[in-house]
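Presented sequentially are two complexes of chain A, the first with chain B as partner and the second with chain C.
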Partner chain A sequence: MDLSFYIQLLLNGIVIGVIYALVAMGLSLIFGVLEIVNFAHGEFYMLGAMLAYFLSMNVGLGYWPTVLVVTAVAVALGYVLYEALLGSLRAQSFERSILLTLGLSMVLQNGAVFLFTTTPRMMQTPYSYRNIILGDVRVSVMRLFALGLGLLAFGALYLILYRTRVGRAMRGAAQNREAALMVGIDPRAVSRLAVAIGIGLSGLAGAALAPVYAVHPLMGFSFVFKAFAIIIIGGLGNISGAALAAVALGILESVAGGFLPLVMADALAFIAMIVILLLRPQGLFGRGVRV
Partner chain B sequence: MRAGWLRALLVVLGVAALFAIPKVTGNEYVLALGVSFATFSVLSGGLNLVYGYTGLLSFAQVGFFGIGGYTAALLVTEQGWSLWAGAAAGGVLAALVGLVIGYSSLRLSRHAFAIVSLSFALLCVIVALEWVSLTRGAMGIPGLPIPTLSLPGGLRWRLGRPADFYYLLLGFAVVAHAVIYLVVTSRLGRAMRAIKLNEPLAQSQGVNPLSYKLLAIALSALLAGTVGGLFVFYLTIVDPSIFDFYYTETMLIMVIIGGPGSFWGVLGSSAVLAALPDLLRFTTDLRMVLYGAVLIAAMLLFPGGVGGWLQRRRRARWRRPGVTAP
Partner chain C sequence: MGKRRLIIAGAAVVALAFSVLARAQEGPIMIGSSIPLTGGVATFGQHSRWGSELAVAEANARGGVLGRKLEIDFQDNRCNPAEAVKSVTQMLAEKKYVAILDGLCSSVVLAIMPLVERAGVPLVVANASATSIAERSGVGGNKWTFKVNPTDASMLDALIGWLDKDGKANNIAFLGEDTDFGRAGSTGLENALKKRNLKLATVDFFQKGAPDFTPVFTKIKAKKPALLALYAVDADFQNAMRQWYSLGGGIPLTGRVLVDQVPREIMDSGFLDGTTSVQPYDPSVDTPGNRAFVEAFKKLHNVPPILVSFEAYEATKVLIDAIRRAGSTNPAAVRDALVTTKLPSILGTVIEFDDHNLAHNNAIILTIKGGKVVVVGMSKT
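The block that comes next holds the complex of A and B.
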């Protein structure tokens, strides 16, 4: 085992971690603003990847237009999701929101299985099979693109949340709903935007990973399970905490995958979540337990 | 008092009728539906105890079910335990796992519990698939032997016919529902309901929410694990599909349609919906889509289920002038 092996594992871990972060941040944003755990979140990641596959393989769209279209469609889906289903839920109906989004997840996932079967597909792009070689380390261009897209989305989300009025309104609503209402923030407008951004990030993550991993209808389900663990580790509703926990988990998983049996790497997220819950229930970066 | 006796009589007659079914018809399809009803009614009854009465949405039931199945199968085939001991060990192990999950997540919130219970159910699938040296991976453990039970009085009962498993699972279901009924109609059940309705208020009255929540989780896990241990010997195989999300979905639908927190409502919907997978056999692919749609519709239109609707009607009748509440 030489150094380049570790660097390889580390790089792969960072890429997958950044994509975890995209999904987990959206989930965390939606939870923070609406107090809804979106169980259908992973399905939008799956839909993003499937759409990217069909746009590039069947329609013949290029890589970058595909990513743009998929993200735009996902944002639009987020608006529709809020208007059609989530908007009618009242606060204090936590279980109802879970069962509702769970039902949506069943419909989307099994509908996709029915239409496209569970056969994994690989999205080909002009850049596939191209690698950048630095010494002994070899990184595929698609992974670097995924990393770049993820970092770009981080930056955009940061700018929206911290540099715009609407972003401040979203953070305000997440901190204290009643106070936000009192200073004239429209909860529906803020919630709608949070859902749209969250779903958009999920779709973007799907499009970014479609050329790296195989695309199939069940991919979202196992992915969102890790995203749940991540938002608990990072602190429920804490967006930057979720991002940090996601990258850390990606690296840990990748390194563990190099040495431990596969089952350990996959169970790592769950074990980490239970340990964090026992030692620090508010999450690694939570300020205090919200009850 | 008279209504109570009438109800008890009806229950005894109903149970007797269910036990008499194999005498009337030897139809294996009917018996298979009966086994399905007995199994699912225990699972949904346990979920009702946790979600309907205590207010904790749990996705972990299917994990307890499968843990019980795997434990019983492994102990019977590899350690030579009897079915009784294997199924009981499965139930106890499931209850212990339930306590760990419940204790670690409930200190945070019931939101965390819902998320952790789902992660746990998914983790079970991964472990069953990947821990090949114990669970034999995707192959599962096929060809489980026909168990022979030793009964009190030195009798031995070989479970060779479909009717035998029908008797066994129905008998266990009766015991399980009796336990659940005793819990929900006792002081324990009132405390659980109080926690669901208003936790701070219940706490101010000297109820310790965590211990009641853990009790509900452990009891439902014990029942689900034990029924899992018995059920896999009916299937004669245990493989990772025992953790299938389909079981979770069916249990949830049974509880939601029957009405969370309504003992008879959930029991009734279990009976009706146990037949549903077979009625929907013509659309295997679309069955889960349909279940999902039913869940969405139920959440948007009637979150109280049939039980909730009946209760609303009864209350409306009491409110009418000239009618006094019994």
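The block that comes next holds the complex of A and C.
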């Protein structure tokens, strides 16, 4: 095996890892602030991809405006989701939140099957079949765009959480809801914003990946379960931990996939999750303090 | 007085039974079908349904069978054997279906075969390609299962024979979904190669629905095989095609490549030139029967048929023909009629079942040249 083989595996792994991170960060944020495991998260990713496909292929919108519109719609959907469903959940109603988000996932998935059928669709952009080629190493332009959007989303989320008042309020509410309330933070407003950003991130992931992967109603399933493993490995509710764990897992899967049978490489996320749960239940980057 | 009442009541019961029987005789002949209408291969389920519906519509337009209309009750199995067992068990318990049609996925068919055998109802398999279905049917096995489409083993033997003529059967890598379909593909290739003292260069399986193939494609490219046998369908196939293209490919594909579903941009670019595939069907086969079928199908659905639509169409026609020849909707009579089937296929051959209740229609060898699919030969399976 020559050097380009290893570089190709590493590059594939970084891109896949950032794609995982795009999905996992929103899931982690919502859990961090609301303590709700959003089982419907993959379906918002799917809806983002479906909307991106519609805007691009039926309305004729360009790739970048499509990404912006889909993200904005997903943020708005997050607000509606919080006000209509999640806002009514209390801290003690963990089981209810699981049933509610699982039910929502089924409704959204089957609704999409009913409306759009299960036929896989490929979103075309002017860059869909363009590749960056450096010697024997190749990567598609659309994957690089997804990588850039993922890094941008992580940077923006980091700045919001650590450099703004609203971000501090979110972190405060995540660490101690009662204490945050006592110092004047409105937990409801903070939670609403966290859900909006979380769903916005999954919508962004859908739009960014619609030209990379086939768009169909069941596409959310494969990513969301891996995202669950990632947020457990990174530390539940820890955004930076989730992002780092996602990239590490992407690289690990890719490098292992270059040598091991693919089915074994696929199991790595869950093997890592079990090992982490046994050795360090709070996750690799968990310090008992969320977000 | 009591005796008179008893006679009247008895007469009423007999009259009611006759009227129910008469109504059943007047109603449509019911065929049960358990196929994936949702789930990962629902596109194939949709095409299977369209193929069967066209065959039924043609028969009904000619006045039906035995003076009655035909109707198929399609139930969803999501390509999941457990779901299929549930729906087929329920259908068999209702005792109103003359036969069960298809199942689509190999794992599903293998799961429902014992059910139809116990119930004594024929199962006509249209799409599932696992070789083990035929191996377990007919002589010394399940006498109620009939497989209209060729097995993977027979198609792959035809393909390897074709490739071997040009010395291309050496050094083939295999990548397939981890299902009965993918496993049958790898076993079929291995057996066909073994006959010629050859073997697969590498074998890899992926979980159905896994979206990213870049690591395994990087690995396969590095091993530099002469051909890559790809066993993927639906969204997996679309993802694989785009990622194979982005990684530069450089190795022609083989196996049962769904050449009619390759994205147009990739096909037109000539990227897949040199690919050689074997399929039970291609819409471009130039026979009068196929031309009429493609035209009728397109008129109804605005898309050309795919191999699944063709197989469901022909399998349904085989079943309708058997009901007609049986002269009865009795499942045992229909099974006996199936055994003696001799029905012209739209591919120009005659569909007949062997001792293992397996029909041997033509396998079609396709290649891609200059970004176009070309039928290069047909080989009896």
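Rule of thumb we're sticking to: the second predicted complex is superposed on the first by the 287 of 291 C-alpha atoms of A that agree within 3 Å, B and C clash if a C-alpha of one lies under 4 Å from a C-alpha of the other, contacts with A are read in each partner's own complex, and residues count from 1 in each chain.
Following the convention adopted for this analysis, a contact is a pair of C-beta atoms (placed from the backbone, for glycine too) under 8 Å apart; a residue touches a chain by one contact, two chains touch by 3 or more.
Because the structure is a prediction, the values reported are computed rather than measured.
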Just chain B (first), just chain C (second), both, or neither: which does A:F94 touch?
first
Applying the touch criterion given at the start, work out whether A:V37 contacts chain B, chain C, both or neither, answering first, second, both or neither.
first
Looking at the overlay, does A:G258 come into contact with chain B only (first), chain C only (second), both, or neither?
second
Is A:V113 contacted by the first partner chain B, the second partner chain C, both or neither?
both
Using the touch definition from the top, say if A:L9 reaches chain B (first), chain C (second), both or neither.
second
So, A:D266: does it touch chain B (first), chain C (second), both, or neither?
both
Figure out whether A:L236 sits in contact with chain B (first) or chain C (second), or with both, or with neither.
first
Is A:M219 in contact with chain B, with chain C, with both, or with neither (first, second, both, neither)?
second
What is the contact status of A:S140 with respect to chain B (first) and chain C (second): first, second, both, or neither?
second
Dual-contact residues of chain A, meaning touching chain B and chain C, are 110, 113, 221-222, 261-263, 266
Residues of chain C touching chain A in the complex:
38-40, 42-43, 46, 178, 204-207, 209-212, 214-216, 218-219, 222, 234-235, 238-239, 242, 245-248, 263, 265-266, 269
Taking the touch rule as given, give the residues of chain B at its contact with chain A in the complex, in rising order.
51, 55, 57, 100-101, 104-105, 107-112, 114-116, 118-120, 122-123, 126-127, 130-131, 249, 252, 256, 285-289, 291-296, 298-300, 303
Chain A contacts chain C in the complex at 1, 5, 8-9, 12-13, 15-16, 110, 113, 117-120, 122, 124, 128-129, 131, 133, 138-140, 143, 212-214, 216, 218-219, 221-223, 253-259, 261-263, 265-266
Mind pulling up the chain A residues that touch chain B in the complex?
37, 39, 85, 88, 93-96, 98-100, 102-107, 109-111, 113-114, 221-222, 225, 228-229, 231-232, 236, 261-263, 266-267, 269-270, 273-274, 277-278, 281-282, 289-291
